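Take a look at these structures.
Presented sequentially are two complexes of chain A, the first with chain B as partner and the second with chain C.
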Partner chain A sequence: METTELIEGKDISVERTGEEERKLEFKDALCASCGLCEKICPVSAIEVTPAGAMVRTEQDVSKIDIDENKCVLCGMCSCICPFEALDLKIGGESIKDMEEYPSLLKSAKISEDTCIYCKACETACPQDAITIARQLPERAKLVSGEIEIDKETCVDCGICEEMCPADAITLEHKFPSSDDPTVSSDIIVDKDKCVYCLVCKKACPVDAIKAVCRICSYGDYDINPEDSEIVGSSYIDDELCVNCGWCQEICPVDAAEVTKPFEGTLTLNQDLCQGCETCVMACPCNVLSFPQSTEPGKKPEKLHKDEKYCIYCGACQKACPVGAIDVERTKINSTPVRSKSWQKAFDSVKTK
Partner chain B sequence: MEILYIKVKVSVINTHGVIMPKHIVSGLRYLAAVELRKKGYTQREIAERLVMDRSTVSHYLNGRNISWNSIEIADVIRNLCPRDFSILTYALVKDKEKTRNIVKICSIRKYECNVKNTCIACGICVDVCFMSAIVLEDLKAQIDPNWCCGCILCGEQCPTNSIEIKEVEDNGDNRTY
Partner chain C sequence: MPIGLKLYPELCHGCGNCVIACPVNSANSPEIAGGKGPTDDVEVIMIVEDGEITMRNSGLCGKCGTCAESCPVDAIRLEELE
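Here is the complex of A and B:
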């Protein structure tokens, strides 16, 4: 039996060989320095680097330090980590996939049936965990009309080309010669681009353009509804996702559903807060912000929170240098905890 | 720890003249064979259990092809505290399964094993147990008292002091081999 530690960049792995092979892996990029691992470790093997320093400066050290002489590879840190930053594997299998180990009930799903691919969630996701791929319908199939330019009347002024909002008109400009004293050799309308808005017709100084929009006269009569369908797909990177609920809250059609790992309360002490912004930088869920003053002389609240997005990980509390933030966890949503000592350990990270 | 084992080994050897480790292993096997014979095992069964040929078992049981010195040293080792017995046997045999067998057969004492609820299922005890007597079940270590040799290596390494091993009086031989 031997325990060894391997540090690769900022990632750490602690391994023990013996009857069963155990390997604890830490991925620094996923860690939010919330300190839950440090709190639950039964042998005090984990130390979290001061979060303030981590988020405010570009430190070249790992967010946590694991003492391989103390670590017994029990896996409690891996089971409580809400960010998938720690993972214990026994015989190559993650304990997160083993029934006897408790795992946090957390998930984020986007229903493909309901999603309209508006990308609001993709924009709002504080971890860039969401990718929405969408295929837009062909523009030509959503419009219907006719356009014709009378080349005899046309004076090649190029006004229609300049004004066309869809860039559908091209004038083949040329320098006139004595044998062909014209300024243009041709004028072309790209019917795939034209939306029959009739701007060209109205702007033409010599009334050379005849155009009509059929939708204006007959409504959607000759548009096939299937042609206007938007197809797409949504993808949530489970490793990056912190289950904050931004997607669920911002979705206009309620297509996103999020289950959060912890329940609790987040209390800010506005009197103590010095406005240093460390918590805002530390929060992985974009819960905190500094409101801008709306009118001169009006002082907004120092620090604004919206608990809708909070997962009560405690990263802000850990980062705050003046103790102005208090995070209380009242409930841990997990699969059943089978062992008394594990239950006790899970309970120990509740309430402060 | 390794250095300590070697020192013990050397001192045993020195008091008994020139004897190679493999001779002591033979002595241990002899003791195990005799124990099994006492339990009524046939020579064939003994050979199977100790992974030896039957003829060697026969020689051993008839006191041939083995020096009394080796047997004497083996007997000293067997009567050491359970921890030294298992560690020394492993140092000599260099095979966990064979060590497990010999220690099990030659052990005289019986133990009561209790794992407290403070166990966090780190599995260190599973890794250190020479006897493979420990498994994890529902995030708690379970020790099979039939296989426990009383070495308490598990208890020494346990980060939460959750293991209690007590020697109990053996009322007749009810061990299951």
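Here is the complex of A and C:
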């Protein structure tokens, strides 16, 4: 039986061959330096690099260090990691998929039936885990009208071309010659682009444009409602997702549903806080921010939190150099813990 | 190898940015938070002495990297310690 450690870039794997093959894999890019693995490890084999050093300065080292001589490949770190950064595989299978081992109950889902593809979640997601792909309807099918330019009356001034908000009018500008003393050879309206807003008609100095918006005159009876439908799809990268709940909170139609791995409390000590911003940078869930003053002389709170987005991972507490943050985990949402020693280990990360 | 605070006094311009920016220093001393030098009885991590950065108490460091970020000449860094 031999334990070997392999470091590839900043990713680490610790492997032990023997009766059963065990392999602990660490993906550096997913780690938030929260320190839960360090806390739960029964043999103190894991050391987490200070979060401030990782987010503020460039470091060549991984976010955690695993001592392969101490690691017993028990998998507790892998089961408690809320970021999918650690994974223990036995005989090639992840213990997160094994019933015998507890796994955190965490998920994020977007209901395709409800989603209107507004992309608010995609923008808000602090881990860029959400991709919303949408296909917009053809603009020409959502408008109805007629437009015609009387080329005899038109003086080729180009005002309509300049003013058209839909870039639907094009003049073929040219330099006049003695045999053709005009400044434009043609004026073209792209009816796929025109929205019949009638700006050109109103702006034309010689009244050369005849245009009418049928919707304004008769309502949108000749618009097919199906043509205005927006089709799309949503995708959440489960590996990148930290289950913070931003998508759920920002969604205007309640299409997103998030289950968080931990419950607890986050307490900030405004007096101790010196405003160094390390916690704001370390938080993977965009829970913390520095509020701007709304008016001169008005002093907002130093550090603002919104626990709606907090998963109580403890990264902020670990990052704070002056002990101004306290994260308490009161509940771990997981599949059943079947062994007493594991229960004890899980309980150990509940208290501070 | 643990990561810790490392000084490069030969690069230091003595501006004192790090001393003021350091949240541990400012938590320990309102004078520092206000941009002044600390009084003698205050425990600080680092201080500018005779125009050069000097370590006073590296054990207080919370390794947040604020000092390193504020230093214009990379004279204070969070690095792997030998």
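What we mean here is this: the second predicted complex is superposed on the first by the 352 of 352 C-alpha atoms of A that agree within 3 Å, B and C clash if a C-alpha of one lies under 4 Å from a C-alpha of the other, contacts with A are read in each partner's own complex, and residues count from 1 in each chain.
Just so we're on the same page, contacts are C-beta pairs under 8 Å (C-beta built on N, C-alpha and C of every residue); 3 or more make two chains touch, one makes a residue touch a chain.
Not measured: the values here are computed from a predicted model.
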First (chain B), second (chain C), both or neither touched by A:Gly275: second
Which of chain B and chain C A:Leu73 touches, first, second, both or neither: first
Touching partner for A:Gly18 - first (chain B), second (chain C), both, neither: first
First (chain B), second (chain C), both or neither touched by A:Ser341: first
Which of chain B and chain C A:Ser185 touches, first, second, both or neither: neither
Which superposed partner A:Pro50 touches (first chain B, second chain C, both, neither): second
Complex contact set, residues of chain A against chain B: 1, 16, 18-20, 22, 42-43, 72-76, 90, 100-101, 338-342, 345
Parts of chain B lying in touch with chain A, wherever the complex brings them together: 117-124, 126-129, 132, 137-140, 159-160, 162
Residues on chain C engaged by chain A in the complex (per definition of touch): 1-3, 21, 23-24, 26-27, 33, 61-66, 68-69, 77-78, 80
Interfacial residue positions of chain A with respect to chain C in the complex: 47, 49-50, 52-53, 55-57, 59-61, 272, 274-278, 319-322
